Amino acid sequence: MGDDDAIVQAARVSYGRGTQRVSESAGLIRYLMRHRHSTPFEMCEIKYHVKLPIFVARQWIRHRTANVNEYSARYSILDREFYIPASEHLAAQSTTNRQGRGAVLDGPEAAEVLRLLAEDAGRNYDHYVEMLNENPDGSPIDPYRQGLARELARMNLTLNTYTQWYWKIDLHNLFHFLSLRADPHAQYEIRAYADVLLQTVEAWVPFAFAAFKEYRLGAFTFSAAMLGALRRMLAGEAVTQETSGLNKREWEELRSALKPAHA
Amino acid sequence: MGDDDAIVQAARVSYGRGTQRVSESAGLIRYLMRHRHSTPFEMCEIKYHVKLPIFVARQWIRHRTANVNEYSARYSILDREFYIPASEHLAAQSTTNRQGRGAVLDGPEAAEVLRLLAEDAGRNYDHYVEMLNENPDGSPIDPYRQGLARELARMNLTLNTYTQWYWKIDLHNLFHFLSLRADPHAQYEIRAYADVLLQTVEAWVPFAFAAFKEYRLGAFTFSAAMLGALRRMLAGEAVTQETSGLNKREWEELRSALKPAHA
Amino acid sequence: MGDDDAIVQAARVSYGRGTQRVSESAGLIRYLMRHRHSTPFEMCEIKYHVKLPIFVARQWIRHRTANVNEYSARYSILDREFYIPASEHLAAQSTTNRQGRGAVLDGPEAAEVLRLLAEDAGRNYDHYVEMLNENPDGSPIDPYRQGLARELARMNLTLNTYTQWYWKIDLHNLFHFLSLRADPHAQYEIRAYADVLLQTVEAWVPFAFAAFKEYRLGAFTFSAAMLGALRRMLAGEAVTQETSGLNKREWEELRSALKPAHA
Amino acid sequence: MGDDDAIVQAARVSYGRGTQRVSESAGLIRYLMRHRHSTPFEMCEIKYHVKLPIFVARQWIRHRTANVNEYSARYSILDREFYIPASEHLAAQSTTNRQGRGAVLDGPEAAEVLRLLAEDAGRNYDHYVEMLNENPDGSPIDPYRQGLARELARMNLTLNTYTQWYWKIDLHNLFHFLSLRADPHAQYEIRAYADVLLQTVEAWVPFAFAAFKEYRLGAFTFSAAMLGALRRMLAGEAVTQETSGLNKREWEELRSALKPAHA
């Protein structure tokens, strides 16, 4: 629902003559993004059908400004399908960052992890079906006993079991979601979804997407202290972390943002 | 965006096999409405372009679960257009209900009210333009003086001046809006808009609309005490307000809901 | 934050003189509840610290109008603690209701279910710790290998593992939550929480709680067709399901609401 | 409700051991603000009683994530009180910015504007009372005629008439409100309120306020193109607007952010 033109149309009704000088759509959309005029972007709405592991769904649902219809395991039986990471994503706990990942696990260690994940998910699923006592066609496996209620049996499933949902959101809130979940700090497993969503947004609203890249994804916010350090650098001073007033991590972020290779 | 089929599609993903026994869309939609399954209705979204007096806009905006782009009087000049009630809507203050209307005003009294409303709105608008010092084509009226900033001049306008907006909302929240604003307790001026919206909803999602009429608009909620009185009535007892445990107003509401002519 | 007096205070600023005739707080609060004036109830806010199984947390979080801070298994290690139902709650799948429960399982069947649930949850947790390679004091179990990142290892946990969160909500939205989750149609495992919340609300805002019981929890909404049947009953007609215009389930609901024993 | 400690408490439950290394509250709160962890700030809630002109209320209410109880002119009579700007705020329309203000009006022009605003607001209010036909004590002015319903008479009032409300909001959303409304681009009349709110926040949650100043109010976001220009400057290149890839306005914003006097 809606496209770049709907954003422009909404902006022109809101700002009227104020928008006359920005003659074309791309420029107006860039102006709106720069000045945090969020309501025109809310005029666009998109609906996705997503299949995702439950532990990813639990992160995703924290974004409250969307409409969701999830497959319900109270009413229906989930499929025998689990997320098992590819070996190159089997990272160790980072030693420097409590929420991050470190080096990829070695071959034998990785193999053992993969074995445990696959075995446990599979066994738990099989016991789920056994407790339900239900064949794929709905008939009882053992006609002489009762199956456990679906809403109870599901509790035996592991968090990497796949669920699915319809997820409907407006473009402004989708951009907010993407700015958090397409970020390098987001867990890889949700970032992979965010990267796919980014492509759909680029195809859907190319002008809004370009403005989002320029002013949000590719942007960097300097704190008051960072601005102070930056001004001294521009004045020719040789600023170090110690003299910058920044802590080590902020200093590294500043350095990284100013590196020629950045982004 | 979306229609009756989108509601059904969302419900079938959520409730899976649970929906198989309800074979057709109308029945499933009635089921969802009865059981307060709101999320499938959120899959439908509609956008309206509305022109409305500012005092109505102030009631309307209280419904927070919508996306709004309003014509901005900071950026643009409002039109010379006001809401003046028709004589048959010029009601006196109700003497029994603090928020209600009583009898329609008499001819001479009504004429005086209409005169004041029209004169004051017109004069204030003319002074607004005078303060702006701006012709319709944007040129100054008096080239030798400066015009007041738009964001300030607008404060001279009356609350019956028309504004306009795009208003986008999902069907679940639209039903909530309509259940409050198409209600006889709503002010006539916003109810008139709600009545028009109802017609657009009927044309858009006829099954959902029929279910909304059956289970919400045409329904009546009995409080615990009302249910008690009702059961005694059905048992053949001659219940009066005094013996009902209800206050006078609740008793009248109960009587009215049970009258053959109701709704 | 806030109490019955805060509701009254907010109502008096909103409705001003309109509230003078309702001289005392209890009456005014009943009036607000009856007439669906929701905003005064939003002036009260409460925060809970809740420990709950993940599958319950997934239902609970669907209520979007609350503030939540959940224990994060990206940053921290979850405790070895699972929800295992008591035998009297180990119900079979209902044969008449896709989301409901039927009879309680027999002894040997129940024992087998309990064995599977406890064994699978425990084994998966132990493998979770093994993959993390981390002792309770944070030291590595095996100093010669790396532990898997927490954000990955958690996917091996079962849905009955306990999580915890702070949950903050205003009273209006809490009542909405409770009207859905303290309902007999809600899953027992979340209803048990709702029942405890109800007690805290009664202690916190006794007048608002009493009004909620009278006009929401203990109330019953008659659809348009139910009202039609009811009027015919009151007129002395012997209405049956077949002549009522209601389907079988609606008819049963109507009968149940009108039974003397109800509520 | 809540304070700096409530933010820290929520963060510690969410991030658990992850927060151990940040030993004190101020540091943890700065960390949360820097990394856009919004939910701990949502654990704090504040309620204001505000008196404000209707045209300011119309901007303010656009922030949807708050609870509001406004004085209702359907039920009650508004006071005879208007906002009339001080002479030093009577600015002309900006000639370079469609939403901004230019120079302050000259004495005679200002006097004329003030005369019109005061006269029109006063006359319209007097006609409002006349239509209501109601003395301050509630008795009719003219006992031989009926007064117009309040919900209708109010439409004659001007947009600078004062209304009042209770406004309740969590700290995260309050910071969002303040970042937009304490901004130099906001209209002076709402910024004046934002400035007062800022003081109350500083007194209430001093650590969170300091972090907000450092990472939001005093920060500046560089777009991708701005970062590119900045890197070239730091490499010693003499970048001009023409060679910067920025439009004129963006270039000015960049220059201003890098000026020693900034902030």
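Read from first to last, the chains carry the letters A, B, C and D; within each, the first residue is number 1.
The rule we apply is simple: a contact is a pair of C-beta atoms (placed from the backbone, for glycine too) under 8 Å apart; a residue touches a chain by one contact, two chains touch by 3 or more.
Since this is a predicted model, take the numbers as computed values, not measurements.
Contact tally for B-C versus B-D: the pair with more C-beta pairs in contact is B-D. Centres computed as Cα averages put chain B at a distance of 31 Å from chain C. Computed centre separation for the pair chain B/chain D is 28 angstrom, with centres defined by C-alpha atoms.
In chain D, the residues that reach two or more other chains under the touch definition are 15, 17-18, 39, 68, 72, 75, 98-99.
Taken as a graph of touching chains, this assembly is fully connected, with contact between every pair of chains.
Here chain C touches chain A in the complex through residues 53-55, 57-58, 61-62, 64-65, 68, 72, 74-75, 83, 85, 89-94, 98-103, 105-106, 109, 113, 116-117, 120-121, 123-124, 127, 130-132, 145-152, 154-160, 187, 189, going by the rule given at the top. Taken in their complex, chain A has these residues touching chain B: 1-2, 9-11, 13-19, 39-40, 42-43, 45, 47, 49, 67-72, 75-77, 138, 164-166, 168, 170.
Residues of chain B touching chain C in their complex: 15, 17-18, 21, 34-36, 39, 62, 98-99, 180, 185, 213-215, 218-227, 230-231, 233-235, 250, 257-260, 262-263.
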